[in-house]
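Chain nomenclature is as follows: A, B, C, D and E, assigned in order of appearance, with residue numbering initiated at 1 for each chain independently.
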């Protein structure tokens, strides 16, 4: 393959990888940490995108508008957590049903309130010199990696992270250890929501913002979470890498449709071969490697 | 280290000479590793038909792991399990049950949402139907003193009742070998005594072989003929309760000086 | 079990009832709302002028919300319970196909007005929108003439898009041009990174776009961000339907050329009067798209046919429609082709400049020739078919 | 240090505690015994705040904490070891210990080394997921986790359950020395005769949600007096 | 409990359908059940073709709902992809019946459709359960399968996507699907609008009774045990993997049948049956009605689709908002669903009545 083509393929991979990561992290935090399957994840993304679009239309600079999108979604998530979600902890499948209902309501309310499109937001930064594509996609990839790193540090290294994880595993015991578990739930859900909002904000310039905007993210995010497995953050990286590679390769070979189908089929096969996801497989391997010691 | 028993046999040998030994269960070089940790270390273990054996040993010695290997909940890293003369190492759990192994887990795991009668039905319908089914249900409920709780939802039973129900369910399968992981943990002295009587009865009257894990040494003393001490995945001692109890090494690693 | 009792129930008044099943919410609201409004406008105008055959027209117009299941339910309701005399329904071809079995079973007179892939030959259906053959037949030869003979096709990956892609190939061959690449984009996809890369590497003289829906309009923003605006785009779908040139900031649609029968910007007196009437009636309206104009003139077409027949009886009305009716539409005078139930449209090429100003070029009438070629003649034979170019042209 | 007055609590409509009065002085080691299902765990939960009292008061360190949530009580210095080794299964051993520090915002926490001294296995397995430890190992972790916050009052619910005899003896001894060296007040629930006899300075007997007896040091000596309440 | 609940004259007839795994084991329940079926059967007579045409679609949906309640409520498998089998059944019927445009084709089509959807469910079930895929992963995997079918069928517009004379038709769907029929060649019975209604109703009633008998059988207990605790059940000698596989396959067969009934009613099917909205509907019905209640799910499917239909007619934009809110409300307030809640109410009411025999007849007790 000629160098520019390789570069283009690489660029495509970066683009898809960033998309899957950003689409997924919010869901991964809420699913992996809290055991809530948020079928309204796409609509949380939608909140971020609408808030960003309207903030830009109101004359705010793009970066500030995006921050507005993130904060608005986090706040929205917080309210929803207090009103509804907190009744669903430990009820995995119910959480799926309820959040699907929420998603229906949100899409339709968005439609009723704002019509069928939000104001457009232009793509910033212009185009790249070597490959044909916007600089912005590289920015997205950098943000994606940064978000993952930040989350990993937050949840694995800080006191907050340990407390949050402990709360999700056994609320009662965590409370008896002095953790204000209500606050942990709220904070974790708000972080997950804010990350969904971030995805919405970041893709507002790239994708037309309509009431169905969120559904464009849904499939990729669910597939990535499931393929990733129980260690959510590491899982998200690995699954995004894997799915992104499959998608980019097949898109390049046989077009967007085949790219999508190949990715979904790869996901189905992956779940079959690794019922506990990629990170599940990793810990199995770790166990196996131990044997030879 | 596993006491290398000169009578350990291959499957075939067991098949041919089974009557001479009446050995119901035997493991050969059974091994389970978790990562770098060897939880079961080349265990050769043998149990006679109808025997009641207690398994004791320090926390983390690998007792639960060993039992889980026998039931098929865990897959061994290496080694073989022979049951009733057959190699059952690769059989799934449910087929081992068909052959007569039943188990009570370390934490109570009855069906919490079902009533006592419904709980019992699950194992019982495997072996009986029609009138026999009704008679057996009644029999077991009586024997385990649960007749009054027949229609109580299991989650509303007391801890002791739950333990009895679970043993009753294991019995309903009419097993030839029953495995019990800490059946009296958290039970009062009185209830512990009740369970001890039950187990003795199951062993003596029904001729069921039992392996019981327990830390309560008084309880062990009250039921067991022989005990096996596991330590760090291996069989450390095996013998009568008195012999093991007075062994200074067992005192050191397990019982402590109070016993 | 008798159907009786139901049929007689009616709605009290003896006048005609018209069903307008057009989307005012959901995916197709952008186009459906205008379709609904122009139909309403025409009916109100007619009622104000004394109705049809002296009868005031009643309207049954729930919002199908871009949902084909709802369309099926509503079509049944319209036929059974509202006992409608005629219906206008649906934006997408999928909607049309979802309700066509019901329409056929009840021999219901039905106007489908969206510009579409063409080929429907059905005795009670009048697909009045310009066909792909008509729209592409206007713009593709123009683009070849202006820019060259290497074409790259990008189209929505469904029936309409794929058939449109076939038509581009057919027309290209007729003009000795060549399709050097084609790509079909799933509906709802809004990321065009790899598509744009592929276009760049193929380096065609122009791109033909049959992208559909709001998600696809992201293509134009990404085209701008990737510096692809130096390659002109021909289209049969964009601008005239979803007014991308007004929704997206310039200059994303610079040098986009649309083959259209109508756009709101058409600078004729008749059209300007129509546009004024429309905005007077609907002051919050945003745009009159191509199909909305079709809805408008087809109401008059229907009125003409009923008056000629002297009855609302559907069979009689269809017979009159099949006698060759001409009406004065905002796009210009149009004639209904009796054999195919299609319309000879006034086609033109609309061009957007870097400020998204629209100018028109190359006007001519194109008749729906494909169905003639395949022998569709509904005046002599009742059919319920959809023909496809692949069956008659080698190149696809 | 801890005073319960006429404490009543229930699950749903079923009353479990029917007016319990208990007083524990600073520095004391007090046992609570009773047969299964009489409400021992319920009592401890009501003390630490995991179960709301229907009636009565809980006074801790001279303050009425009846209406405070569990986390606030914990930060006041109540350390709790739940029945049935409720460690955080997905957290590593060390992270579990780290959780134990949460209750103590002061600087008088125990060092990890001190806990590792009591339970060397925890140091060996510091990076193992707690859920994959054996039953007894988890119990040790639960105790270590409570000790590390150096609470003023340590509440233990059947700490010997599932623990090997020699370590039961160790734990008994360790708890005594914690009590002596750090001045920690200890209140524990037990079924194990040896533990009750070797650890408690004073002991309440509970039956059907009520305190039915109180045993001083002399009666604790007597095996029969104690077993009466373990096998009522 | 009614006094004669176990020894009335019809007790023997009822016995196979009764047991603790289903609600409504009293004569008054069965009275109400018969009455409800009679009312449904009377609808076309009372309201004509229109009611038959609309009603048949609702009944087909109810059957789809039942297929989910069966596998989810009784075996704990939440399939978010029941519509996959539903759609496959519909398309398979279309392919066969379009290619053999006689009554033979319609008959073969029905058999083939059920066979194909059953095999597809069996293949998917084998793939998942024997591969160790569990819980929520099953849910998401089935959803992904439905979405793959959606994406795939959506791009079958081209002429090359034809099986014989049957064009798959992409998003525009497959039109010209013949009516149901039984016979060979042209001798037999083509089933018209009203006939179709009764066929669908019969299929629903028969499936309901069949599943009731199944869940109260030995196998039914094994299903429930598997739902409650899989590893425990394995320790009682049950091959839970096989149980899940078998249940999932049966569920797929029923969903396939409902798909055929749906498609032949519309004479049309398109990929939207595989879409996420369609995929969620059975889950909604079962959640609202009560997943452990087959009849509750039927009731919820009929009621929700009827409300949705009325809202559609009114043209209200609020339909989805109302449906969505209803769902959230029901799951939060009645986590088990409406039917179990009603059952509790009835039981409480009865136990507070001094003479239970006087309790109002079965219509009160809507659960199964």
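By definition in this document, contacts are C-beta pairs under 8 Å (C-beta built on N, C-alpha and C of every residue); 3 or more make two chains touch, one makes a residue touch a chain.
On a predicted model such as this, the values are computed, not experimentally measured, just so you know.
Note on connectivity: the fewest chain-to-chain touch steps from subunit B to subunit D number 1. Connectivity note: excluding subunit A, the chains that remain are still joined by touching into one piece. A centroid comparison over C-alpha atoms places D as the chain most distant from subunit E.
Pairs B-E and A-E differ in how many C-beta pairs touch across them, and the larger number is found at A-E. When you average the Cα atoms of each chain and compare centres, the chain farthest from subunit B turns out to be C. Look at where the CA atoms of subunit A average out and do the same for subunit E: the two points lie 34 Å apart. Once the centre of each chain is set as its mean CA position, subunit A and subunit C turn out to be 38 Å apart.
Here the CA centre of subunit B is 76 Å from the CA centre of subunit C. In this assembly, the C-alpha centroid of subunit A lies 47 Å from the C-alpha centroid of subunit B. Residues of subunit D in contact with two or more other chains: none.
Under the contact definition stated at the top, the residues of subunit B that touch 2 or more other chains are 34.
Multi-chain contact residues of subunit C (touching two or more other chains) are listed as 25, 157, 184, 186. By the touch rule above, subunit D contacts subunit A in their complex via residues 48-50, 69-71, 74-75, 78, 80, 82, 86, 88-91, 95-96, 98-100, 102-104, 145, 149. Remark: subunit B residues 34, 57-61, 64, 106-107, 158-160, 182, 185-191, 193, 215, 217, 251-259 touch subunit D in the complex.
Interface of subunit E with subunit B (complex): residues 20, 218, 221-222, 224-225, 228-229, 231-240.
Of all residues in subunit A, only 159, 162-163, 165-166, 169-170, 172-181 touch subunit D in the complex they form. Contacts from subunit E toward subunit A in the complex involve residues 78, 80, 127-128, 131-137, 139-141, 143-145, 147-148, 151-152, 155, 276, 280, 283-284, 287, 317-321, 323-328, 331-332, 335.
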